[in-house]
Structures are given as C-alpha cells and as structure tokens.
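Structures for review follow.
The two complexes that follow have chain A in common; it is paired with chain B in the first and with chain C in the second.
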Partner chain A sequence: MSAAVDTAALASAAPQDERAARAPWLLSAPALLLFLGVLVIPLAMTVMLSFHDWGQYKGIEPVFTLKNWQEIATDPYYAEMFLRTFRIALLATLITAVFGAPEAYILNRMSGRWKGLFLLLILGPLLISVVARTLGWALLFGGNNGLVNKLLISLGLISTPLPFMFTETGIVIALAHVMMPFMVLSVWVALQRVDPQIENAAMSLGAGAFTIIRRIVLPQIIPGVLSGAIIVFSLSASAFATPAIIGGRRLKVAATLAYDEFLNTLNWPLGAAVAVLLLLALALIVVGSNALIERRYAEVFR
Partner chain B sequence: MRTNGPLALVFHAIFVTFMLAPIVVVCLVAFTPEGFLSLPTNGLSLRWFRAIANYPEFVHAFWISLGLGMLSSFVALLFAVPVALAIARYRFRGRDAVVALFLSPLMIPHVVLGIAFLRFFTSIGIGGSFAALLVAHVIVVFPFALRLTLAATTGMDRSIEMAAVSLGAGGWTLFRRVTLPLILPGVVSGWALAFIQSFDDLTMTVFLAAPGTETLPVRMFLYIQDNIDPLVTSVSASVIAITMTALILLDRFYGLDRVLAGKSDPGR
Partner chain C sequence: MSFLELDRVAKQFGVQTVVDDFSLAVRKGEFISFLGPSGCGKTTTLQIIAGFLEPTRGAIRLEGRDLAAIHPAKRGLGVVFQSYALFPHMTVADNVAFGLEMRRVPQAERAGRVRAALAMVGLAGYEERYLRRMSGGKQQRVALARALVIQQSVLLLDEPLSNLDAKLREEMQIELRQIQRTLGTTTVLVTHDQNEAMSLSDRIVVMSQGRIEQIGTPQETYERPASAFVSQFLGKTNDFTATVDRSVTPARLVAGSWHAPAPVAVTGPVTISLRPERISFADTGLAAKIVTRIFQGNHWLYQCETECGPALVVRQNDGKPQPAEGDAVRLAWRPEDMSVRTAGGVA
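This part shows the complex of A and B:
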C-alpha cells in the first residue's frame, strides 16, 4: 500500500522516476541470476535429457529420440504406476478433507488457550521430519501383531490382522497423516474470515444445528477445503519418503520409480521422462482445478 | 453454539491421538531396554541413545545436516532480503512474474528438483559435493526465507525510515541501523523456517548426497530401507526433539499459525 503512494510521489520527479524503475531490478538481480543459473537451466536440461538415448553399455547418448516417451506411453507398467500414484493421492486427499475440515471447525470454536495448544500439536508435525513420522507408521503397522491391528481386533472391528505394510492402504493412511496439517491449516485460515455472529443469527431465527452446518458453515469453508485439497493432492502425488518406506521396493509410485531409474538402473533419460511427465500432469491438474474453483467461488475469493 | 458438544470432543480426541500416535511411538520405542523393537514395558533405558555415538555415520550426517541447514538458510536470506525490499516497495512491470519465479520451488515436486540438480551438478563436475548440496538447498529454502521477510518488509512503518533520511542517514547506514532492525523478527523467523526445511529435506537431497555428504534424513532413510531397529528410533527421537525446540522458539517468537499460513498457500 505504502509502495503505491511512493511510486506516485516519485513519479513527479523525472530522474527519480528512472531510479525507481531500475531499483527493484538491481535489488533482485543477484537472486534472479541464481535462479536462472541453478533452477531454470537445470530444469531445461532435464526436459532435454528425457529426449536422449540410453543403453546398458553405452550410457547416455545426446541424440534426439522419442524412445523414452514411447516406452512410457506403450508399456502398461507405466500406466498402472501413474494410476496407482494418482489413486493414492486422491484417497489421501479425501481422508484429509473428511477428517481435517471438521477438526478445523472444532479447533476454531475452542477457547484461546486450548486452541493455541492444539494448533501447535496438530500443525507442529508438519515441520517434523517426514522420515521420522513415516517410521512411526511403520512401527504402528509392523507385521501382523502391530499396534494398529491389535487395536482394531480388540475393538472387534476385524477378526484377522490386516496387512498394512507394503500395501496401498498403508501408504494412504500414512500419507493422509503426513498431509493432514495442510488441510487443517487451509480450512482454519478460511474459518478466520467467517463472522461467528452469522451462526448466532441463524440460530436465533430458529435454524437447527444441522441446518446451520449445511447452510451457513459449509458454504463458507468449502473454498478452504478445495485449496487445501489441491495442496494435499499435488504433494501426495509427488511424495517420496512415505511410499518408499511403507510401500517397500516393489509397490512403486512416480517419485520412487524415478529414484530407481536414476540411482539403481542408471537409465537417467527414462527417469527424467517419468519426472517431467509427473510435473506436467500435476501442473495441468493444479492449474485446471484452480481455474475451476476461482470461477465457481469468485465472490468468496474477492 | 460457540462451544463444542460431547460428540465433537470425542472426534477431537481421536483426531489428536491419530496425529500424535506415530510420533509418540517413535519416541517411546527409542527408550526400550531391549535389543529389538518394542515398547519399553519394563523400565526405560538410554542404551539406544548411547548407541548412536558408536555409529559414526549418523553423527557425521548430523553435522552435515546442521551445517547445511544453517549455511543454506543464511545464504538464502542474503539473496531474499533485497528481493523482499524490491517487491514490497516498488510496483514494476514483471513484478508478478518475479514473485512467481521465486516461489516456484514450492510448486515443483522435489523429486523433479532433485533430478534436475543431479543432472546439472554432475554435468558441471561437482556432483555429490557439499557445494552442490548447498546451492540446491539455497534454492529450495528460498521461498520460505522470502515469504517471512516479505511479510516483515510489507508491514514495516516507512515513516521511521523517512525520519532517518531527514536526519541525514542514507544508503548502507539507513539499511543497517534502521531498516534491518525493523524487519529483523521476520528475517530471523524466515531463517528458522528455512533451516527446518533444509534440515528435514529428504526427497531432493537423496538424489544429490554421496557417501561423505549424506545428510541425516538421507542416512536415516537408507538405514530404514535395510532394516528397522531401535537405533533408528533413537536417532529419530533426537531429530524430533531438535525440531520441537526450534518449533517452540518459532511459536513464541512469531506465532506458529502465521509462519505456517505463509507456507500453506504458496500461490499468494
């Protein structure tokens, strides 16, 4: 805001105007050069790499070929792997939305001290090492007599132990846990913009608890849920640590497959193609759903 | 209407249990007196914490992670503070594009970044070196450093600067004596958040680290891939303790929800 006033004031003097036009570029120049040299160029090199040839004995050959892209397009292994990646991401997103949104609502209605404590407890894990959190799930799942199975059996929900390690179910649960803080946070931010008096007004007009949630609360937090869902989905689809530890060596998703191609098989061009495809697919999904949401909820975002 | 009913509180209790269970389990198992994975049912023991000292790979990886985190977040701030001043104070053509470029590492999957950096650093001949890790981490933590610095520079009271200028301060003095102290809380929080990001990063670093430059998350990940034993739980518990300390400091200093809210919506 103050900057807008500044530029207006500076516009009155011509030499100062010229300085004001140059200053932001001078200030950002070092970082711009850094990003150009060490981010834009490497990304461009990776896209190029995906069009290079590779052989077991000859290594990477810098010739133009569509071989890697054809292999991904025709071999059903890759279709299945990408399908698994997005299925896991979608399920994890659904779980975070179904449980995270009500929790954010409950948090928001707590009194100050409790609210602060539980926010710290629920959002704090976001900053704790993903490896440590996933290790916790590996311990909880651990074989047939893991704690989760013991709990489910003692509650009478299941009679025989369920396999969690090395299954998609296990990956989805652990990922939902890892991503949950993003959803709670996103809905919580949306709730901060809601006037609590509206709920009271609805109640004084005779609306029941269910009606208030359905007609007043839900419409106002849906944008928060959706933007949280976009974050959770894109992070889940590109997650590495959780699928690698819970899924083991055989249950591959896009990120773990790319890792294998780069550090075990050493077929870098193919790994680069998988990574570029993941990046493109995610960019399309995120940009597409952002546009949809903004059109649908234009008035809320304004 | 403003209070939670009993059903909501039960849901809340289950939810909090779900969020904390894996973290608590790791910390509990770390104190087991047994030689295998188990909850410490008969007494607590520090044997697995002492065992870390006999495993130099973990100790070395810890120092690498610590040095890398502190250095990369510091370098990121050196680049980020001028950018934050430029973005907060000037409306210029291409401003939105500049912001998007600097926040882009948040939106590019880390596996893609890891591959791109691996390809780039190998081709210029510094693959697997600490320098390569440092540059890569500077790029990855840059958005976090920038966001909190930007919040501070945008919210700053410019009249104090004007007063300093009218008293004859200018250039470097103005920045060092007036501007920097005013934005310091944001800068320090940006440093802390950037440090945590660097300290915890696995996905990108796992592509770049070589034996000798393995960071702690990378060492832990490779160890877990082979086998899970109480040693890796005591290492994890130590990492959790370090992060918690940083977290509580960050919460006291700046407010955790503000720090994280900046993190949650990279688009804005």
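This part shows the complex of A and C:
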C-alpha cells in the first residue's frame, strides 16, 4: 500500500522536474538559433566550400577534393602570405603595447578633468570608420601628392617620397594606429585594479621611480597588456580595410587574398580555404596564448 | 630635544586650506595619534610627513634634519596604509623582503629578518602564500610586517585597522601596542576612532578642519577638553547652559534647579560640559525625567529630559535598584567634574 503511494508521488513529481530541466534550453533558444543561423551554418558552409572544385570555365563543382588545400600547402606563395600576415600583426601588436601601455599609465595618473578629455581623445577614433582613418595615412604619405611627402620634398629634406604606401612598414604603422585604443583600454582596465597608494608604499620602502615601474606597476598591468595584445593581434591578423588601402593589390595579406579569390578570381573554394585556414590559425594562437597567460598568472590574479 | 618636529606646517589645495598651522613635537619612542573626523586633514598631515605630499608652508625635522630636503624613498619611515597597498603579484615573503632588497641587505640576512618580522605579527609559516587568498586581518599583518622589517625610527600608520571587524580590531590594537612597546619605535597613528586613539596613544592630537584642537594625553583630552569640539568628539558630553547669580554671596552658578558656588573668574551666561558617567541621581539637583532606559550589561544608559535640555546619564550596574522610565529624578555632580566655558571660549 505504502509503496503504491510512493510511486504515485514520484510520478507526479517527474513532469515538473522535466519542465524545470527544459526551461534553460527554452529560454536560451532564440539566442542559440540566431547563433546557429548566422554563425555556425555559414561557417560550416564555408568549410565545405573549401573542399569543392573550381575551374575557369566550369565554375564551382560540389565535389569533395583536397585540391585547394594541396595548393595552399605546396605553393610557397601562400606560406609567404600567411607569414607576412602574422608578421604584420605581431609587429602592430608590439608597437601598440610599447606605446599603449605607457599611454594608459600616464592617462591613469592625470587628474580628473584631463583624464576625461584624453580618454575621449583616445577612444574618439573608434567612432570614425577604419577606412577613413586609414585613408588619412594615405593622404599624408600617398606618393608624391601626400601632404607629408610634399612638405618634406619642398623643404629639401628628402628627394623622393618616403616609402609608405604598398609597404609592410606602412601597413604595420597604420594598423598600430587603428588598434591603439584597444590596447590602451585593456591596460587602463588593469590599472583600475591597482591600489592607488601602491606606488607610495613602494617609495616609502626605498624604491626609486624606475624600480617602482619595473617591479611594482608593470607586473600588475602585464595581464592587461597581454589581453590587449590578444585582441590587437587577432584583429590585425584578420584586418581587411587597412591592408587593402595601404597594401593594395601589390602587398596582400590573408584577408585581402581571400577577398580577391572570392570577388576577382571568383575562385570561391580557394578563397574559402584561405579564410578557414586564417580562422584556424588565429583560433589556435589566441586559445593557446590565453591558456599560457592564465596558467602563468593564475596564482596572482584570481 | 624632540625627535620628530612639525613646525607650523600648512597644506593648501588650490584655495582650500587642508592643514593649517600644525606644530607638534614628538618624543623618541612616543605613540602619537592624529584623531579627528574625516576631512580634518589628519591623513594629509601624515602624507606630508611621509613625503607623498609637499607642505605649502612650514618645516618638518627628524632628529634636527630637515625632512623636506630628503626624497620620500630616503626618509627612513615605515608606512602602513589604510588599503594596505600590498604588492599582489608577490608572495608574502617577497612583500616583506621588498624594503630590505631596496636597502641592499644581503640575501641570507634578508630571509632571516623576513621570518622574524612575520613571526612578530603572528604570520609564521605564511611566507609563500599570495595575498589574494588571505583575509583582511592577515593582509593587515603583512602590511605591518613590511613596514616593521626595515627597522625605521618612525612608523606612520594611516587608519591601519579601519577595515577590520570590531573584534579583530581590538586584538590588533593590543598587538600593535605590544609591538610598539617592544621595539620602541616612534609611531604616528591616524584614526577617526576615539577608542583606538585613547587605548593606543601616549598623546592624542585632536584635529578639526585642518587645525589642532588639543594635544594631550588620552586622560587630559577626555577629562579636560580644550574646546567644545574636543568634548563632543571624544566620548559623549552633556552641555547645559548656566548663569552666574551674583545677587547672593558667595556668587552661585545656576543651571535650572541645580546650583554650586561659582568659580571666581566666571561671568555671564556659560556652558557647563560634563560626562554622562559623572552624573549621579540625588535628592537635590537638576530636575529631570527619564525618557528611556537602556540596559548595556555592565552599565545603564539613561536619556533624560531636564530643565536645561536633554541629558545623557551613565550609571554602573552595581546591583542596586535603578530608576525606571518615566521616573522624576534629580541630577547632581561634583563641581570638579564639569568644565565651564563662556560662549565660544574656555574659562
């Protein structure tokens, strides 16, 4: 008798449990569907596309072939291009770190009113299109008509225009400029967590200004620099507008190459393979370095 | 000769004067507290001594040397901060060793001194810990050890205990006092907690709005407050207005139905200040009615309504029957327990 009562109670409780278990899925369904629809499916299709065949006269053929991947793996052109992409991204990251970290530190030490103004100055460029900002560099240095080049030539300081357009140096400088706010912001966030009295504490213990920066401030903002570096690196490596404007067709990076394969050569499968490889390489680098950083600083910043 | 000397120190931020005309002579080995409400300039004064701020006027001397000419890193002061300002990326031992390292103390000696300092604050065995995982009380001890290990002649404490809970704070007060006695370090403590100042200090500097109100031993400042501010800020105080009646001889000081022989120098309307625990219930005296009675274990707290306004009375719980709420009572006190002030000044 009592056993029957127990099972009855269980039976009535079960549907309620089930409903409770379903609730989180139902609630997150809209977001999951959107994620699936606009990210996962197109990405999967791009991956599939990279295994399709393509010919000048036959167009895309939905067959499974490793042709595109073989071409990327064997043709040194692609290796050079990917190497250039990551070299540019790495240099841009280094420059933003070297200039951005001190910039954030100085910003953090400013008094209220100035701090607000300069923070706005640093973040302001984010409100302007990347294209407009990069075109600014082109206006300054673009060949004989660039403003700076013209000025320097008329002053007699140089006889030929400074090489900026269509050079790696040009892309690196323009990218570093475009990405600077991300680095400054992420270092700035790290600085907010630093005790404002900590430099006084170090000073009272006998540390000089340089020692305070090196031993006390820098170690505490390194995680901020590193997370900023991950953002800047991944954005730089996949950047399109800046390399497209400064590098043009002469100096391609992964993103501009994928673009050209898609829209000029119309070799979509090869473009897809380039894009997928860029994505994989970036994901690997970012996830790997993130894991390294977290392990290195786990004890201190938890 | 005084050990640490502040001579008419003043600090202005723009048009605002934060500290003004601050003169103080601290003896060697003395424990001094700067006591006052927030914004009274006590922390600013400490930061001027430490060298984090420059005084607008005045001089600071340590053993006769002008401190203003010495860079903060070379002043030879140990500082403990309210926020502790520890180095979160270093272990406890590295935090404490930092000051020794800056002084180029050899590695072998460093380890021994760090261990001794940590043992002194009760943190033996915590050397390799990181601070994020330690409680506020333990972090506070690390901060103290870090300031003590460099064995400076002056220790500056900026509200070091204000972030601790009441019980821990009391424990740390006792410990701080013992450590200070053992080492004989001249210590300046900034606090807004009158109990802390009274239980720790040899002398208290009571500050208000950037100025010194009174310098004295805890007893002096409590028993003979130099101003209305001091008597209000240190403990609780009853203020009654009284008049001097010269129509009788000898002249009498009168507050409602209470009277006593008037002090010689006093004229006109005056303010009588006296501590709640110095008032007793008597047969004659100031007529009052008990509004509320609060039991506090070892004593009773009475809020009374008198002829001269509200009054607070504290009576020891000595087991004898006490008046109840609503009772009409008479309040009396000995003339020597009160301080008499003419309006604004001290009589």
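Just so it is clear, the second predicted complex is superposed on the first by the 258 of 302 C-alpha atoms of A that agree within 3 Å, B and C clash if a C-alpha of one lies under 4 Å from a C-alpha of the other, contacts with A are read in each partner's own complex, and residues count from 1 in each chain.
Everything that follows uses one rule, which is that a residue touches a chain if its C-beta (ideal position, glycine included) is under 8 Å from a C-beta of that chain, and two chains touch if they have at least 3 such contacts.
What you see is a predicted model, and the numbers here were worked out from it, not measured in a lab.
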Touched partner set for A:20, first chain B, second chain C, both or neither: first
Touching partner for A:98 - first (chain B), second (chain C), both, neither: neither
First, second, both or neither for A:216, with chain B first and chain C second: second
Superposed model, chain A: greater residue contact from chain B or chain C: B
First, second, both or neither for A:205, with chain B first and chain C second: second
Partner chain(s) touched by A:110 [first = chain B, second = chain C, both, neither]: first
Which superposed partner A:31 touches (first chain B, second chain C, both, neither): first
Chain B versus chain C as contact partner of A:284, first or second or both or neither: neither
Partner chain(s) touched by A:292 [first = chain B, second = chain C, both, neither]: neither
Chain B and chain C footprints on chain A, overlapping residues: 200, 203
Complex contact set, residues of chain C against chain A: 47, 50-52, 72-75, 77-79, 81-89, 98-99, 102-103, 130, 132, 146-147, 150
In the complex, chain B residues that touch chain A: 1-4, 8-9, 11-12, 15-16, 18-26, 29, 37, 79-80, 82-83, 85-92, 95, 98, 101-102, 104-105, 107-112, 115-120, 123, 135-136, 138-139, 142, 158, 196, 199-200, 202-203, 206-207, 217, 220-221, 224-225, 228, 232-233, 236-237, 239-240, 243-244, 246-247, 251, 256-257, 260-261, 263-267
Complex contact set, residues of chain A against chain B: 2-4, 6-7, 20-21, 23-25, 27-28, 30-32, 34-35, 38-39, 41-43, 45-46, 49, 99, 102-103, 106-107, 109-110, 118-140, 142, 147, 174, 177, 180-182, 185-186, 188-189, 196, 199-200, 203, 209, 212, 227-228, 231, 234, 237-241, 244-245, 254-255, 258-259, 262-263, 268, 271-272, 275-276, 278-279, 282, 286, 290
Residue ranges of chain A touching chain C (in the complex, touch as defined): 195, 197-198, 200-208, 211, 215-216, 219-220, 299-302
